[in-house]
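Let me begin by handing over the structure; questions about it come next.
Naming follows writing order (A, B, C and D), and every chain is counted from residue 1.
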Amino acid sequence: MQEFTKFPTKTGRRSLSRSISQSSTDSYSSAASYTDSSDDEVSPREKQQTNSKGSSNFCVKNIKQAEFGRREIEIAEQDMSALISLRKRAQGEKPLAGAKIVGCTHITAQTAVLIETLCALGAQCRWSACNIYSTQNEVAAALAEAGVAVFAWKGESEDDFWWCIDRCVNMDGWQANMILDDGGDLTHWVYKKYPNVFKKIRGIVEESVTGVHRLYQLSKAGKLCVPAMNVNDSVTKQKFDNLYCCRESILDGLKRTTDVMFGGKQVVVCGYGEVGKGCCAALKALGAIVYITEIDPICALQACMDGFRVVKLNEVIRQVDVVITCTGNKNVVTREHLDRMKNSCIVCNMGHSNTEIDVTSLRTPELTWERVRSQVDHVIWPDGKRVVLLAEGRLLNLSCSTVPTFVLSITATTQALALIELYNAPEGRYKQDVYLLPKKMGETSPHEPHTLKEIFFKITFIFFLFLSS
Amino acid sequence: MQEFTKFPTKTGRRSLSRSISQSSTDSYSSAASYTDSSDDEVSPREKQQTNSKGSSNFCVKNIKQAEFGRREIEIAEQDMSALISLRKRAQGEKPLAGAKIVGCTHITAQTAVLIETLCALGAQCRWSACNIYSTQNEVAAALAEAGVAVFAWKGESEDDFWWCIDRCVNMDGWQANMILDDGGDLTHWVYKKYPNVFKKIRGIVEESVTGVHRLYQLSKAGKLCVPAMNVNDSVTKQKFDNLYCCRESILDGLKRTTDVMFGGKQVVVCGYGEVGKGCCAALKALGAIVYITEIDPICALQACMDGFRVVKLNEVIRQVDVVITCTGNKNVVTREHLDRMKNSCIVCNMGHSNTEIDVTSLRTPELTWERVRSQVDHVIWPDGKRVVLLAEGRLLNLSCSTVPTFVLSITATTQALALIELYNAPEGRYKQDVYLLPKKMGETSPHEPHTLKEIFFKITFIFFLFLSS
Amino acid sequence: MQEFTKFPTKTGRRSLSRSISQSSTDSYSSAASYTDSSDDEVSPREKQQTNSKGSSNFCVKNIKQAEFGRREIEIAEQDMSALISLRKRAQGEKPLAGAKIVGCTHITAQTAVLIETLCALGAQCRWSACNIYSTQNEVAAALAEAGVAVFAWKGESEDDFWWCIDRCVNMDGWQANMILDDGGDLTHWVYKKYPNVFKKIRGIVEESVTGVHRLYQLSKAGKLCVPAMNVNDSVTKQKFDNLYCCRESILDGLKRTTDVMFGGKQVVVCGYGEVGKGCCAALKALGAIVYITEIDPICALQACMDGFRVVKLNEVIRQVDVVITCTGNKNVVTREHLDRMKNSCIVCNMGHSNTEIDVTSLRTPELTWERVRSQVDHVIWPDGKRVVLLAEGRLLNLSCSTVPTFVLSITATTQALALIELYNAPEGRYKQDVYLLPKKMGETSPHEPHTLKEIFFKITFIFFLFLSS
Amino acid sequence: MQEFTKFPTKTGRRSLSRSISQSSTDSYSSAASYTDSSDDEVSPREKQQTNSKGSSNFCVKNIKQAEFGRREIEIAEQDMSALISLRKRAQGEKPLAGAKIVGCTHITAQTAVLIETLCALGAQCRWSACNIYSTQNEVAAALAEAGVAVFAWKGESEDDFWWCIDRCVNMDGWQANMILDDGGDLTHWVYKKYPNVFKKIRGIVEESVTGVHRLYQLSKAGKLCVPAMNVNDSVTKQKFDNLYCCRESILDGLKRTTDVMFGGKQVVVCGYGEVGKGCCAALKALGAIVYITEIDPICALQACMDGFRVVKLNEVIRQVDVVITCTGNKNVVTREHLDRMKNSCIVCNMGHSNTEIDVTSLRTPELTWERVRSQVDHVIWPDGKRVVLLAEGRLLNLSCSTVPTFVLSITATTQALALIELYNAPEGRYKQDVYLLPKKMGETSPHEPHTLKEIFFKITFIFFLFLSS
C-alpha cells in the first residue's frame, strides 16, 4: 500500500524545485571541480574515518578535505548576514536547546551555515543529502570535522541515499523531535519506518513543492499527526527565486556559455511571468531589442505597458539572435521553429521544466550535434546552419549559472525561524495541518495563527535591516 | 432608519475614488475653462431648452454648446478604441435591446463615449452626474442634442444633485431595469424612493469603493434583491489606476505646476506600493536621485532590489528637492519635517487622501502663504525660506494632471461588458449578491459563475488586440 | 553697403536659437496670459510713467505690474542657485564696478535675475528685448521699478524694436563699455550707428548662433575691433539644450497637448542625435515601444547598442501611434507618409527647424483642418482618418513645453562670468577676435588664453556644487 | 643608438591596450585550459612538424591540435558576420592579390578569422604573436594546417618572441609589402633589421596606442618613409571598448569571480568617463544603488543628470558593498580606504592600469592574504574583517571576463579595410605620415585624404547592416 500517489524520481523532483543548486557542479564558481578530481573509488560506507576529536559519527567522502570546506563555508557566511545575525541574537537564549533535528537537504556551503546556526542555537543535528549529485564533499567533511553527524557524498547510489537517511534517524539513545526536509523523502522514511518517532515529532519544515504536495496528501488521508510548515511559498522567496534571481542569471548563464554581447541583439522571450519579467528587464537594460510572446492577456498587457512588443513566435523567429523560454508549458519551441532560426541563433530555457524546447525533435539523423563546450551544443543543419543549444534545453539558470548566496540565505533564515517557531509554540497553537507562510501581507486566513505573520515579519525585517544598513 | 451606516459626503467620496477626473478643471487640457466663462447665472432647472429635434427631455447648462461638446467626444473616441470596437462588433446583435439604464457617473467626454456605446447596443439611457463639480457642460449639451436624457451641469447644489437623479428614475411610462452607478447615490435613491423599481432591476454595475461598500452592507442586511457587480477591483484596473497612471502623472503634475527639471534632483518618495513604484520608476528614468521611506518590510525589500535607498524621512529631509507622499497614511509629512526642508523644496501628495501632508500645521501666523499659480502655493518662513506646496496637499494626479483617455476607456469597457453580461444572463446565474471581478487569473472562488472570468478575458483581449496591433 | 551678408528676420533668427523661450506664451506656466488681458492700447512710447522712486528712465507696458513681476522673478530665483551664489560671492568685490553694460536679450523672469545680478556686482545696465513677442511685461515693469533702464514690451513693432535698442545706447553722459547680445542686432546697431562707442567697448558676449556668425563675418572683414565671446557652444550648454532638456520636454509637450498615455504606445523617432537620444530614453523609460530612423551609421550603431530597432520610416509608418522628427533635415515626414499613417497618429517635431514635417503638403482642399486646442490640429482625410499635428510642425519643445529655469540659469551664469572675465582681463589677453568656450575639456587650441578654460571650470564647478549639495 | 625613447616591456604594453584578451586564459570560456594541459616540454623550435599537405612552413606547439582549433575558429565566425560578409563580397575582386602581409597580433580564434579573410582576399600572410602568453595553441595549429605561415605559441621566451618575428620577415624569395602590427615590435624589427624591406612597404596598419606612439616618434624624427594608419582611435572602437564592453564585462567579471547578487547592493564607482558610464548603467539597471566619485566637473554634472549621487569616496566607503575604480589615475583607493571598508567588501579595477588600487599597501605583515579562487583574494585584517580583492587590482574585464567576439570583429574589420585601402591607394594619396581614422563624423582635418572618411563609412555601414538585419 502506498500513501503517496506519485513517488517522484530524483530527476522529477529536481526539476520542480526552483531554488536548488543541483546543477552548480557545471558552473565555474562551484567548488565541485575539487571534489571531482578525487581518484578515490572506495565507497565512503566502507571507509573508517575519524575527525580530529576522535569522533566517527558521520560518513563523508574524505574527512581530510575539511579545511578546504571550512573556507568555503566562511566565504558563504560573508553573504548570509541575516542568518549570522540570527545566530548572534539567539545564541544567548538557545531557543533550540533540546531540539533534535534530522535534516535532509542539499549539502552545500550555504546549508552548512544553516546547520551550524541551528547547532549554535542549541539543537543537535543529524543530516543527509536530498540529492545524490549535489553534495559538496569538502563541505560535508568540514561539517563532520565540526561534530555534525552528516551522512552524504557526491555520487551516492539510490541505496546509499536511503542508507544515509536511515543513519540519521536510526540511532540508539537519540530520538529526533524535529524534521527539516527538502523533497519529502526523509519525512516519508520516518513516517513509514519509524511511526513511533513520527508521532512524537513536534514539527516538520518542508522546502519543496513536491514535499508539500506529499504532506497535503497525508493530511487529506488523515494521517498527518504533526504540524508542518511550507517555507517555499512566501512572497519573498517567490520574488527572489523568480524575478530577482532570473534577472541576473539570464545574463550570467548566457555570458558564461557563449560570451555573447547583449547590446544590439534581438531576443525573443516566451512568457512574461515573473521569470520572463526578470529576463526582459535585464536584457533590455543591456541594450538588447526584446520581443515577448504571451498568451495570458494580463501578462501581455503588462508587457505592452513595460514597452515590449508582444508578437507571435513565428513573426520574429527568422530574425532573432536569442530565443529564451519561460512559459512553464511544453514544446513552446518546436522543430519547425528551430528549422526557421537563423544561423548561430542561441536557444535556451529559463522556465519550469526541460520540456519547453522540443529537444527530442533535434535527435534526427540529418542533424549533427557538436558539443563545443560544457553545456553548449551546436546543432548543425545539412546546409551548415548552426543553432546553439544551451544545457540541452534544461534550466539555464541552474545549469549554467549559480544561485547567489544571498538568495539561499533567505530560504535558510526562513527555515531556521520556522523551526524555532514550531519548537517553541505552546501546545495547541498548531494543529496537525500544513501551514503556508502568507503569500502576501494581510492574506492570513482566519484559522492561521497570528504568529505566522510575525515570523514573516521577523524574517523580512532582518533582511531589510541588512540591506539598508 | 438608516441602511447605510456612513453616508459619505461628496468630498469624502471623491477622495476615495482614484480614477475620477473631478479635478480636471484645474488642468490645461480640460475644456472646463470654456464652461467657466459662462456669465449665465440662471439655473438650468428654470430654463426652457430644446434640442434641434425638438426634444426637451434633458436638463443641461446650455444646449448651444453641443457642437463644441461633440468635438470633445470625437477627440476622446480617438483613444478609446476598445470601446469603439465593442460598439462596432455588437451593433448588429443589439445585446442591450430592451435595456433601460439609469446612470449616475461623471459626465465627461469619455463617459459620453460609453453612454453612446450603450445606446448603439440597443439600450435606452437616462443619466445624471455623480459629482456636483465634474460635469463638462458642453459634453452634457452634446449628449442632450444626440437624444440622451441627461440631467447634469457643473456647479449643481445638493438639492440639484438629487433632483437630477430623481428626474432620471421617475418618468411616466418608462421603468429602469439596469443601474450603472459611481458612488452608490443613485442606487440608494432607487432603493429608498422606488422600492418597486428596485425589485425589478436586473443588475447593478458599480464603479466605486464607497458604492461597493454600501452594496455589501445592503447584502449583509439581507436587503439586496439584485445581483451587483463591482468593476473597480480587477487587477487590470488597479494596475492602470496606480502603477501605470502614476508613472506618467507624477511627471506631468510636477511639470505643469512648477516646470522643475527632473535631472539631478534629489527626491524622496514616501511609500513604495503600486503608486510609489510608478512614481519612482519615472523619476529614476529621468535622472532624479530617488530615496524611499517604507514601513512594510516586503515593499522595502522590493525598493532595495529595485536599486533605491530606503531611508528614514529625517535622514534626507534637509537635502531633498522634492517630497512626494504615497503611503495612504496620515501626517506622513509633519510640520517638523516642513520646518527642516531646504529653500524651494517642492511638497506634493500622490497617495490616497489629502491627509498625508499635515497642511493644517502650516496655517499658523508666522508663516505667509502666497498663491503663485493655480494649485501652487509658496509657504514662506520668517527667515525667507519658501516651501512649494502643490494642490494644498490634495492628490496631485487628480488636481494637476489628467487621466489619460486610454485608462478611462478600460473602466468604461469593463462597465459596458458587465452590463451586457448581467442583462443577458439566464435566470439564476447570478444570485442576489455582490460579485467582484477576479483580482487575479485563477482566483475565482467556487461560488462565482464562470462567465465572470470570461468577461475578464474578453476585456483584456480586446485591449491586448489594440495595443499590439 | 552691408557688412552682414544675411540680415536675419526676427522669425528666421528665432528658429535657430534652441534655448529661447519665445513660445512660452503658449504654455501653461507662462505668466503671459496676465499681460495679454491688458486692454490698454496706448503705445508705451506715448505713455508717461514713473516708478515709485520718481525715475522715468525706462519704457515698459505698465509700471503698475511691477509687484506681480517681482514675484515671478523671485520664483525664478528659486531654481537659479548658481547665479544667486555668484551674486553673493562677488558682491563684496564688485567685479563689475564701472562696467556700463548694454544688453539685448529676451526679457523674462530668468534674464531679470541675470540683469539684477550684474547690477549687484557693480554694473550699470540698460536693456532692450531681442524679440518682439517674448517680453514678459510685468517682469519689465519690475526691473523698471527696481531702477534698471529697460525698454521693452510684448508686441513691439519693428520700429519700436530699433527705437528701444537706440534708447539703450544713446544716452547723454553715459557710454556703454560692454555688450551682452542675443542675435547680434544690438551689436550691429552700435557698430553702424555709434562707431565711436563701438571702438571703446571692452568686450561683447554673444549668446546665439546667428550673432556669432555675424561676429565672424566682421572679424574676417577685419572690422571687429573688440574681443567677443561665444557662450553658446560649450559642451555643457549643448548637452543641456539637447539631451537633458529634450528628455523632459518631449514628455511634457506631448502630455500638455494630447494627454496621451505613453505606456504601450509605438513611437518612431527620426534621428538619433542628442535630441533623439533624449526623446528615446524618456519614451522607452515610460513604456513606449520606440523605433529609430537614422542615416548616420555611427548614430545608427549607437541606437542599436542602446536597444532600439533601427528601421526605415516606411516599414513602421502604418503601425505607429506617434511620429517625432529630430533630424535637422527637410521633409523627413512627407505627404506620402502622412497618407499612410493610422487614425489618430500624433505627429510632431523636436528638430532644428519647422521644415522636418512637410506641413505645406497638408494644405490641400481634400483635407480638413480642425483646430481642437491651442497648438493641436486635427488634419482630417476624406475617409475620416485624423492625424494629430502639433504646433503646425514647429518645435514642440518651444511651442508646447517650457525650458526649465535651471537650464536657463546655466546660460545666464556663463554670460555673467564671461562679462566679468572680459571686463577684468589685463590689456592684451584677448585679441580682437571671437572666442569660443572650449567644447570639450582639453580642446582649447594653443592661441586661446588659458583663462577660458578657467571660466569654464568655474561655471561647471558652481553647478556641480549646487547639484550635489 | 635608439629611435624609440621608451621601449615598452611586454607587461607595460599590455596594460595600455584595452582590447587585448591577454588575460582570457583566466576565464571560463577560454580554450586555454586545453593548451595548458599539455605536458609536452619540448620547445616548438626544436620540433619537426608538418601539416597534412606536407608543409612545415610554420612553428606551433602541436599541429595535431588543428582540428580543435578549427572548431574554435568556426565558433568565432558565428559572431563576426561583418568580416565574413567582407570576405564574401571582396572574394571575387581579390583586392589584396599580390599583397604580402607580415602580421604580429594576438593569435586567437578571432584574429584567425581576420588572417583567413586576408588570405581569401588574395594576400599571402606570415604571422607571429604580439604577446608571449596570449596565443591559443590550437588556433595556431589550425592556421598552420590551413597553410598560413604562423610562428607562435603560448609561453614563448623573449628570445622566442623575436625569433618568431624574424621568421615572418626573413624568408628567401618572399618580401613583405604590408605590415599589420599590434604594439610596434614587428615594425621596429623590420625598420632596424631590414631597412631595405621597410622602404618598400606600402603601408602599416597599427592597432595599439604604444605602436602609434612609436610611429609618431619615427615620423617626427623624419624616419617614417611609409604611410601608417592608426585603427585604434575611431569613435566606434572607443565606444565599444569602453562604454559598450564595460557595461557587460563589469557584470560578467563580478559574477564569475564572486557570484554576488547585484540587486540591493551599494556600489561606489570611481570615475564617470566612458568606462564608468558603462559600469554604472549596468549596475543601476540590475538594482544596485550606485554612487560616483568624479573630479572632472563635466563628468560629475553628467553623473548628476543621469541620476547618480556624486560623493567623496570617504563619505560612502564604510557602507558600500563593492568598490570599482575606472579613473585612469593612481592610488584612487588607498590603504586608508581599505582599512575603513566593511567586512566582505569587494574591490576591483576597470580602469586603465593596475595602479588605481594601492595593492602594495596591503602587502604588510598584519594582513593575511588568502587565495580563495582563481583571481579572488581575501585580504584579512587582524580583527577578522575580509576585503575581497579581484585580480590583484589588475583589469577585471581582461582578467575575469572575456571580450565578446563581436567587439573584436569591429577592430578586425577595420584592420582589413585599412589594409585594402593602403594597398590599393593610388601613388601619392597617402604621404609618409601617421593617419588617424576620424574620431567623429566631420572631424577630418583638411590634410587628411577623403577616403579615410570613406573607409570609416564602409565599416560602420557593414556593422549597421548586420545589426539591424
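Everything below uses one rule, namely that a residue touches a chain if its C-beta (ideal position, glycine included) is under 8 Å from a C-beta of that chain, and two chains touch if they have at least 3 such contacts.
The UniProt protein names, listed by chain, are A, B, C, D = Adenosylhomocysteinase like 1.
Predicted, not measured: the structure shown is a model, and the values here were computed from it.
Chemist: Where among A-B, B-C or A-C does the A-D interface show up again, with more than half of the contact pairs the same?
Modeler: It is B-C that repeats the A-D interface.
Chemist: Is the C-beta contact count larger for B-C or for B-D?
Modeler: B-C
Chemist: When the C-alpha atoms of chain B and chain D are each averaged to a single point, how far apart are the two points in Å?
Modeler: Computed value for the inter-centroid distance: 59 Å.
Chemist: Return the distance between the CA-based centres of chain C and chain D, expressed in whole Å.
Modeler: 45
Chemist: Quick check: how many Å separate the C-alpha centres of chain B and chain C?
Modeler: That pair's centroid distance is 39 Å.
Chemist: For chain D, give me the residues that contact two or more of the other chains.
Modeler: 244, 263-264, 286-287, 301, 304-305, 309, 467
Chemist: Quick one: in the complex, what on chain A touches chain D?
Modeler: Residue list for chain A touching chain D: 28-29, 71, 75, 78-79, 244-245, 247-248, 251-252, 255-264, 281-282, 285-287, 319, 343-344, 370, 372-373, 378, 386, 388, 401-402, 404-407, 467, 469.
Chemist: Under the stated contact criterion, what part of chain C meets chain A in this complex?
Modeler: The touching residues are 263-264, 266, 284, 286-290, 301, 304-309.
Chemist: Provide the residue numbers of chain B that touch chain A in the complex, in ascending order.
Modeler: 235-236, 239, 244, 296-298, 300-302, 304-305, 309-311, 441, 457, 460-461, 463-464, 467-468
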